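Each of the two complexes below includes chain A, the first together with chain B, the second together with chain C.
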Partner chain A sequence: MIGGGVTEYVVLLIYLVGMIGIGVYWAKHSTTSEDYLLGGRKIGSVLTALTLQTTSMSGYMFMGGPAQSYKEGYFTLWYAVGDGGGAIFNVGILGKRMRRLSYFLGCLSPIEYIEKRYPGKATRIIAAIIAICFVYGYVLAQFLSAGKTMCALLGVPLPIAIIIGAGVIVFYTFAGGYLAVAWTDFIQGIVMVCSMVTIFILAWNQVGGLTGLNEGLRAVDPTYVGMWGKDNMYLGQWGVVAGAVGVYLIGYMGLPHVVIRHMAMEKPSLAKQTVVIATVWNQLFIFVPYIIGLMGILMLPDIADPEMVVLTMAYELLPGVLAAIVLVAIMSAIMSTADAQLMLMGTMLGRDIYQRYINKDATDKQLMNVSRICILVVGVVSVIIALIQPPGVFQLVVFSFATLGSSFLPSYVGAVWTKWGNTTGCYASMVSGCIISIVWEAAGLASVTGMHTFFVGIIVSIAAYCIGSAIGKPPTEEMKDLIDRAGCKIKIPTGLATANYKDIAPETNGVLTFLKDSSYMEERGFQPV
Partner chain B sequence: MTEAKKETKKVEIKCIRNGFKMEDAFERLYKRSKHFTIEKMDLLFYPYLVIEYEVKYRGKLERLSENVLVLCDMWRGQYSMATTAGDFTKVEVDESSLIPARYDKARAIEEGPRTVYGEIQAKKKVLNIPDIEYIYDELIYKPFYIVECLNDDKETFHILFDAVKGDFSLLNA
Partner chain C sequence: MIFGLEPHVFFAFLSWPVTYTIIAIIMYFVMAKHDKKEEAWEKAYDEWQASLKGDEAPAEGGEDE
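Up next is the complex of A and B:
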């Protein structure tokens, strides 16, 4: 136990009460299902960027990442390189186009989006089963992380820690929906980056800057500063390096709880600002934990648990209250990921299961209430499982990440960038990506072959998408038009671009195909559409 | 703003009453933003087939019967249930402003009951197959405005404006 004093309890209590307050505040402002599930598609660039990045970064960045660089040296910066560019790839490739296409198709959930882009009887069933199972695995892992963190840092018994941590997340997500999640993520993102950068600056001065760090590491073990890891453990293994960079560079584009952030953007043109803000935040936040881990080798050479390197350093360098804020930052990192996943579970169960299969005529109010109940039920069930038979956090996260990424990435990217990607390709990609990930993990092939599960899964899934799309029926002309429109670059005035009348979306598509096929526009002197 | 015009053959159609005149649409769009100008606006009529069926089914205790309306989008061939017949008017319009009813009318009438089955089973929880009898059908049109606009950078974009409800959607952005 590192903390456990009155200061830590008070700071943590203020933070948790603040999060609950945000949930209560936004509960009053979410009046429609679109408000509750997607923040009314009114999320600006700063909020989108921070919710996107904090959702992507879990407690791993405060504990697992620094511990890894403490053990392996400079090699771990390969992961940071991938992660640092992840925002540019994710928002740059998917952001604007996915926001537009999801709007044209009138979608509220990332599963509904897949179904409408790749229409077919089984699309939503396959996508929903994969997403619900593996996002659930993620939620469970984050609840456990929250509990274990509080337990390790404050000495609170694990069951009580899980109930408190998970309880607060469930409450504000249940009450305030997407807007509560986005605003708590925003605050959590600021707390995370400020804490990390403060520790970094103080430690950086103490080790004597880059020169002091490198010379110190070289004196301990010259392989720490090499690119192949401590004792050259990955010498010449370019496949491992490619995997380390690639996993976080492209992986997030396949995670439904991350890509839903694109759909909630206020307008497509915000994607550019979002990329800039997310990238700046990334550069401030992502490299720092790994470098702190490296500095820990010099400053804390005898630390028993390398996962505690950031927190131990905080307690050595900062006064009590500020060190307690670092503890809050770790909880923030965990909670900002967990709330997004929990929110997505509610969206999928409400929109993709209840409204699609149980009550097709559900009113807006009913949909919102059912989503709320689902969030509550998922939260309670997760807490019970975490208390009775907790699985390993790390394995659960890695497995869920790899399976979700492999199953969905080709379909999400292909949806907006290819006009040939079709339903058969989507089925093949989702099924093969999911199966290969499960088999690879269950058979322990990752350690045997030295190939990461995600790496194999994504290659198989992309190949299946291409082959399936070559065999299957091509998308309709109407869908091809929509994909073209999703890539359009015209600047639309804000008031018009944010108008959100989904009721006429089907007619809009019909009119568009008519206008393109007929001489209506030409005869009347209109510019072509 | 100019109203685009091209004289063609006139036809009389039955159309849902136009709740928004051009000036109303104009005002509604400018209320949303001042950073664009409307260059042209013209009417376009979207075809629907209203089909009425009589549905007979067994309730918990007695046999029930009711008349329902199915709306078939005659351009895309998609069905939906209609709650009311709507407020119609007969108007004479240019033939070229009509989107053609390309979907087969006989097929629409034949397949309409599927939508009714789905609706009845979902809403009334009736498990036995109801008898559905065709009563009548009528081709109607829904008016829309095609609006051509220029943004501040003088780039053109188009809006589809629902002349009945006042909703609008971007056509090519």
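Up next is the complex of A and C:
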């Protein structure tokens, strides 16, 4: 136990009450199902960027990441290299187009989006089963993480810690919906990055800057500052490096609880600000924890548990209240991931199951209430299971990430970037991605072959998407037009732009005006009138 | 040596924060350029749709204006 004093309890209490307050505030402002499930599609760029990134980053960045670099040296930064560029890929590839297409299709959930883009009787069933099972695994693991963190840091008994941590998350998500989740994520994101950067700056002075750090590490063990890990453990293993970089560089594009953030953006044009804010936040929050872990090798050479390196440093370098805020930052990292997943569970169960299969004529109010009840039920059941502590729940996070990413990534990316991607391709990709991930993980092939589950899953899934789309029925012309429109590339029928049509049908004047005035069309080789 | 690291190690690990930030800023300007074209396109598209229906341009709540 590192904390446990009155200061820590007071700071944590203020934080938890603050989160509950945000939930209560936004409960009054969520009047429609679109407000509750997608924040009324009114989320600005700063909020989108921070909710996107805090959802992606869990408590691992405060504990697991620094512990890895403490043990393996610079090699661990390969993970940061992938993670650091994740926002560029995620927002750059999906952001704008997914926001547009989801709006055109009238979708409120990422599963409904898949179904409407790839229409078919089984689309929503397959997507919902995969998403609900594996997002639920994620929720469970985050609740357990929250409880274990409070237990380890404050000495609160584990059952009480789980109930308090999970209870607050469930409450504000239940009450305020997406807006509460986005605003709590925003505050949590600021707390997380400020805590990490403060510790980094103070530790930087202690080790004598970057040069001092690297020379110190070289003196301890030259392989710490090499590319292949301590004692050159991973020498020449480019497959492991490619997996470490690739998993986090593109993996988030397949996570439904992450991509739903694009759908909630106020305007597609906000993607450009979002990509900059999210990327800058990433550089501060992702590379820094790993470097703090390296600093720990010099500053805390005898630490018993490397996972405590950030916290121990906080208590050595910061005054009591600020060190207590670091405890809050760790809870923030866990809660910001858990709330998004819990919110998605409510969205999927309400919109994709209840309204789709149980009550098709459900009113807006009914949908909102059912989603709220689902969040509450999922939360309570998760707390009960977390108290029982099923074995291997932490491995479930890695497993869930790989399975969700492999199952959905080709369908989400193909939805807006290809017109040939069709329902057969979507089925093949979801099923094969899911099955290969489960088999690869269950058979322990990841450790035998040195190939990450996600790496294998995504290759198989992309291949299945392409093959399935090649043999399946192509999307309808209407869908192709919508995809074009999402990318602002629709072809206005040029045959209409003739004087004859103008004479016969005066309403085509609009087309003629469009074709005359739009330099956009001319640049793309369309025939001006 | 660059900051106490061999050049290839430095560039493999520590050049990325700056590289990603520069890429994101470049993306901002590229996307801003596209936004301008797309705004003009969407306006024209809405007018075209309205002319086909004989109505006013449809109000797309939440879309770019």
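Operating definition for what follows: the second predicted complex is superposed on the first by the 483 of 529 C-alpha atoms of A that agree within 3 Å, B and C clash if a C-alpha of one lies under 4 Å from a C-alpha of the other, contacts with A are read in each partner's own complex, and residues count from 1 in each chain.
In this section, a contact is a pair of C-beta atoms (placed from the backbone, for glycine too) under 8 Å apart; a residue touches a chain by one contact, two chains touch by 3 or more.
Because the structure is a prediction, the values reported are computed rather than measured.
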{"item": "Superposed model, chain A: greater residue contact from chain B or chain C", "value": "C"}
{"item": "First, second, both or neither for A:Tyr412, with chain B first and chain C second", "value": "neither"}
{"item": "Contacts of A:Phe174 with chain B and chain C, given as first, second, both or neither", "value": "neither"}
{"item": "Contacts of A:Lys360 with chain B and chain C, given as first, second, both or neither", "value": "first"}
{"item": "Touched partner set for A:Leu77, first chain B, second chain C, both or neither", "value": "second"}
{"item": "Touched partner set for A:Tyr118, first chain B, second chain C, both or neither", "value": "neither"}
{"item": "First (chain B), second (chain C), both or neither touched by A:Arg485", "value": "both"}
{"item": "First, second, both or neither for A:Gln283, with chain B first and chain C second", "value": "second"}
{"item": "Shared chain A contacts, counted only where both chain B and chain C touch the same residue", "value": "100, 485, 488, 490, 492, 507-511, 513-514, 519-521, 523"}
{"item": "Chain B-touching residues of chain A, taken from the complex the two chains share", "value": "100, 359-361, 478, 485, 488, 490-497, 499, 501, 503-515, 519-521, 523-527, 529"}
{"item": "Of all residues in chain A, those that touch chain C in their complex", "value": "41-42, 74, 77-78, 80-81, 84-85, 87-88, 92, 96, 100, 103, 209-215, 218, 225-227, 266-269, 271-273, 275-276, 278-280, 282-283, 287, 485, 488, 490, 492, 507-511, 513-514, 517-521, 523"}
{"item": "Touch list for chain C against partner chain A, complex", "value": "3-6, 8-9, 12-14, 16-17, 20-21, 23-25, 27-28, 31-32, 34-35, 37-42, 44-45, 47-52, 54, 60, 62-64"}
{"item": "Residue numbers on chain B that touch chain A, as the complex places them", "value": "4-6, 8, 29, 31-36, 40, 42, 44, 46, 73, 75-76, 78, 96-97, 99, 118, 122-123, 142, 144, 146, 148-149, 151-153, 155-160, 162, 165, 167-173"}
